[in-house]
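Below you'll find the structure, written out as structure tokens, and then a few comments.
Labels run A, B, C and D following the written order; every chain starts at residue 1.
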Amino acid sequence: MFLEVKDLIVHYGKAEVIKGLSLKVEEKEIVTIIGANGAGKTTTLRTISGLKTPSRGEVWFCGGKISGLKAHKIVRLGISHVPEGRKILAPLSVMENLEIGAYLRKDKKEAVAGFKNIFDHFPILNERRKQIAGSLSGGEQQMLAIARALLNQPKLIMMDEPSTGLSPLVVEQMGLIITDINSRGISIVLVEQNARMALNLAQRAYVLEAGKCVLEGEASAMANDQRVKSAYLGG
Amino acid sequence: MKLPNNGANHKTNRYKLLAIIIAVAALVVLPFCIESGYIKHLIIMACIGTILGMTFSMLYSAGLITLGAAAFYAVGAYTSTVLVMYAGLSFWVALPLTVMISAIMALGFGALFVRNAGVAFVIISLIFAQVIVIAIGQAEFLGGWGGIIGIPRPDSLGPVEFATKHDFYYLILAFLLLVVVVYTALYSSRIGRAWRAIKLSPNLAGTLGINAYRYRLLAYVIGSTTAAVAGCFYAHYFQNITPGAFSGWLSIYVQLYAVLGGLEFYILGPAIGAVIMTFVPEYLRVVKEIEPIITGILLLIIILFFPGGILGTIRNSANVSFEGFDARVKKIKASLTGKR
Amino acid sequence: MVLLKIRNVTKIFGGLIALRDVSFDVNKPEILGLIGPNGAGKSTLFNIISGFHSADKGKIIFKDEEINGLRVDQIASSGIGRIFQEPTLFMQESVFENVFSGFHRRYREPVWKAVFYTSGAREEEVTKKKRALEILEFMDLISARDELAANLPHGRQRALAIAIALASEPDLLLLDEPVTGMNPSETMAMIEKIRRIRETGITVLIVEHDMRAIMSLCDRIVVLSLGIKLVEGPPDKIKEDERVIEAYLGKQVV
Amino acid sequence: MSLGLFIQLLVNALTIGSIYILMVLGLDIILRGTKILNFAHGQLYMLGAYVLFLFFQTLHLNFALSLVLSGASLALIGALSYLGIFAVLSRRFTVSTTFSYILLLSAMASVGLMMILQQGTLLVFGTQERGIQSPLPQIIDVFNVRISLMRLIIIFLSLLICICLYLLMYKTTFGKILRAVSYDPEAVTLQGINTSWVFVSCFALGSALAGLAGGIIAPLFSVTPSMGQNIIFMSFLVLLVGGIGSYRGTIAGGLLVGLLLSFGFQFMGGIAELFVFMLVIIILVFRPGGLLGEAAE
């Protein structure tokens, strides 16, 4: 099994936000986790990437247990997390952001090749490489966050709401980027509020409601499921 | 005094009152039980320390961390000395004047300092204390770095002549009790509630209409004025003062009193801390050279392992043992009912 | 009667437009819902109304007075209460003390009388104490009154936050996600409470992601998306509006 | 004022100003990186001077090497202090711990460290002043003004250290990570970087700067156990004036305070410090974040 989450329970202070969640991700697959705000999507990702410690349950990755490891160790195993709100390093330049992203590449040549690869895919970042990252537009910041995650050479990228606050045109562009990354053989866990985009991109989907999975299955089948709509708009 | 002590039954209130009466009675008869003048002196110094520690706690209760408790201690000492020695006033006239002057000064400086809560206030309070010391050291008419000697004792009040440590002890005890009563009244009034609100959640306090700036300024003025009263006493008790006596180290010790006793205990905490920090170093005098090192290590141990201070640690362990006790009682009860 | 007028409010954060030309009215007494996907600008608008931010352009008129640019405590004193999205309580105080702190602006006796504890102040404390107990009773918190706020379960912390706001006797109450993270029965109870709060004459402006709750609770709903007001109207209309569905679920792919 | 006096005072201002700058850069790196308001910074400075005394005066190593050793030893002392005290302390903080509580506890922990270092030094070296023979005792003549060469060397060395620090912070990955950590540790963790070690490095780097400052100044003034207590107040003042989190602000603040003190002492005498303090308060009233700082806190 590539990534497996077993019976996860997570607390924030007193509040139980994940109430026994299990999910699986296969290699080279796009899986989406959708649901209304407060359903526990972000917490799920934070727990997988080690930023949050689960109260109970386990996370396994490539045959090893990773729950309980520190976040920086989990990144080294090949899971990159593009966090909610992008978390780019605003006072640093675009290039400096990328250099920090390439920290794990000890080989200088390899890093340079990595940057070249990034700039091929995101030419806009090359244009803005000297600019302060905080001055980028929302879409560019999101690209920077994704590019930074790619530099870790991950086997799996987890993206938390990459479409938040972006205009429809940029959202579409983001969709193309995600498909492109996946076509290079990288698995993707996509957390989204924009369900239609997510279901369009993903092979499988989990629908979360109040910390529990209420629906899982083929993404294409779910796109027209009335239950998805009701999870968002209350039917 | 603490009215909304809701749910606490009358019995505990009565015990509390009894404990307070016994404590005050013990403090009143204390000097009769002690022969050594030196110990009496230490007790007086512990009382001053307690008052200073309580001013730190008051500012802390409003979310301000001060490292300048010594600043107005010095202001009070020198103001009163000047009023008595140069203006020829009686101590009993100089005292209220000192209170007024230091309150006005605290209002003026506080209005500037309190604007910057957080890191900036910590730093400014510390620097201000140091600047006061430098200012006094530079001022020729305040005796410069050599200080002032021969400060008269307070004029006698009826039969009390302030000739012995006894009399001074009762004077500082009266100050201390007054401060305790006033502070308790403040803490249990809506002012104290507003202070705690600002400390615990400035945002929520704001949405309840609490003007954080104004309440912090109030805390600063009251705390500073209290320290000034302590300074006033100190000058006429010691009868000589030097700027060196009010250096930054003193402020650090004052903060240590509050932390050692327990930050959450605004009155009892500084008292216990001050007593320990006055007496323990005296008995460590054999090893005078390493006394600050021991103090430093003590401070680190408290911060790292007992962040609640002495009282906080006692309270927590008491709670735990009570809980354990309750659980045992319940178990026994359950086993009894189970048998039936 | 219009209680709060939002007029052409625009807010820009470091080049990103969080709100663009948003205008709507809040009538007294109604429950008005403010919804929209993440990043729509709802929290920004709440922060502007309660004074944590100020609008770059536009006006906020509360009870016929411009309040944009006033300090948080000034706005609170003029009669706007709010609860925060994250549990924001005086965590190290008892539940009862928490509610008591809410009375801050509602004392008649001058403060020095409270410190000297005159008979007038004592009477006032007694009435306030009674009132605090009433509020706790109303929010079903009476059994927890001596517990530390930090030790309450999540649902009761939300209730306590509202109880504190009620103690400040607001005319307008801003609720930021009051039922998020609650189980269905807690949600039902909270909805019922909010209805009864409105019945006492308090106007409620509410941001919430639980759509079932919002649809059943609100008289009217304003939908924001990407900082722009999308639509405004009664819940039934909002539910069917294609623009709203699109904002939430994304564009229908043909 | 004669030109000679002016130059003399200017050189003095630059000398003390550059020492303040080194001190405050260290304070600022520690404060922003690890959220510790380091009260022990003055003692680290003092230790730097003593280490130089040890290597240069007692062991007769050459001055440059002794200075490097000062910096390195202080980096080590800083790292050990961080691991022994602040790392232990930070384990108790959680996401919900308020900033002011973290600030209070870590500042007080640094006070504990300060007391230990201060008295420890006193025990080992005693109270007497230790003179260091100036490695460059020459006096040079500029426009008929006699200026000790050592002062110019001090200014030059400080400038050199500032440039090295700039290169470190802006041109190396290590420096970029240090800057990133003070903005958002979580984002840094997510790039596979162990932030615990970054925090240790922050403290070590800040301590090294204090040590270098102490080492550089040692030949000019004598080495005393009280030198740390004296400089810390003005360093904090410079930190506030310049603004927390701004290198340019720190440099501007250091030079400003250096100039004010140097010229102030000449024309006002001892009240110069008071004058500087009042000026700082006025600056802070109008610019709560300092001259060039980011927002306050």
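Assume contacts are C-beta pairs under 8 Å (C-beta built on N, C-alpha and C of every residue); 3 or more make two chains touch, one makes a residue touch a chain.
None of these values were measured; they are calculated from a predicted model.
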- Query: Count of steps on the shortest touching-chain route from subunit A to subunit B?
  - Reply: 2
- Taking each chain's centre as the mean of its Cα atoms, which chain lies farthest from subunit C? D
- Task: Give, as an integer number of Å, the spacing between the C-alpha centres of subunit C and subunit A.
- Result: 32
- Per the centroid of Cα atoms for each chain, what is the distance between subunit B and subunit C, given in Å? 40
- Item | Length of the line joining the C-alpha centres of subunit C and subunit D, rounded to whole Å | 48
- Multi-partner residues of subunit D (at least 2 other chains): none
- Note on the structure: Each of the following residues of subunit C touches two or more other chains, namely none
- Note on the structure: So subunit A residues touching two or more other chains come to 13
- Query: Chain adjacency by touch: line, ring, star, complete or other shape?
  - Reply: ring
- Interchain contacts (touch definition) - all pairs: A-C, A-D, B-C, B-D
- Message: Using the touch definition from the top, list the residues of subunit A that touch subunit D in their complex.
- Response: 13, 49, 51, 70-72, 75-76, 80-81, 83, 87-92, 96, 99-101, 103-104, 148-149, 152
- Taking the complex as given, what residues does subunit A use to touch subunit C? 13-17, 36-38, 134-135, 137-138, 161, 163-165, 167-168, 171, 193-198, 200, 210, 228-229, 232-235
- Item | Contacting residues of subunit C [partner subunit B, same complex] | 50-52, 71-74, 76-77, 81-82, 84, 88-94, 96-97, 100-105, 107, 111, 114-117, 122, 125, 129, 132, 145-146, 164-165, 168
- In their shared complex, at which residues does subunit D touch subunit A? 96, 173, 176-177, 179-180, 183-184, 186-195
- Note on the structure: The residues of subunit B that touch subunit C in their complex are 1, 3-4, 6-8, 185-186, 189-191, 193-194, 196-197, 200-201, 203-212, 264
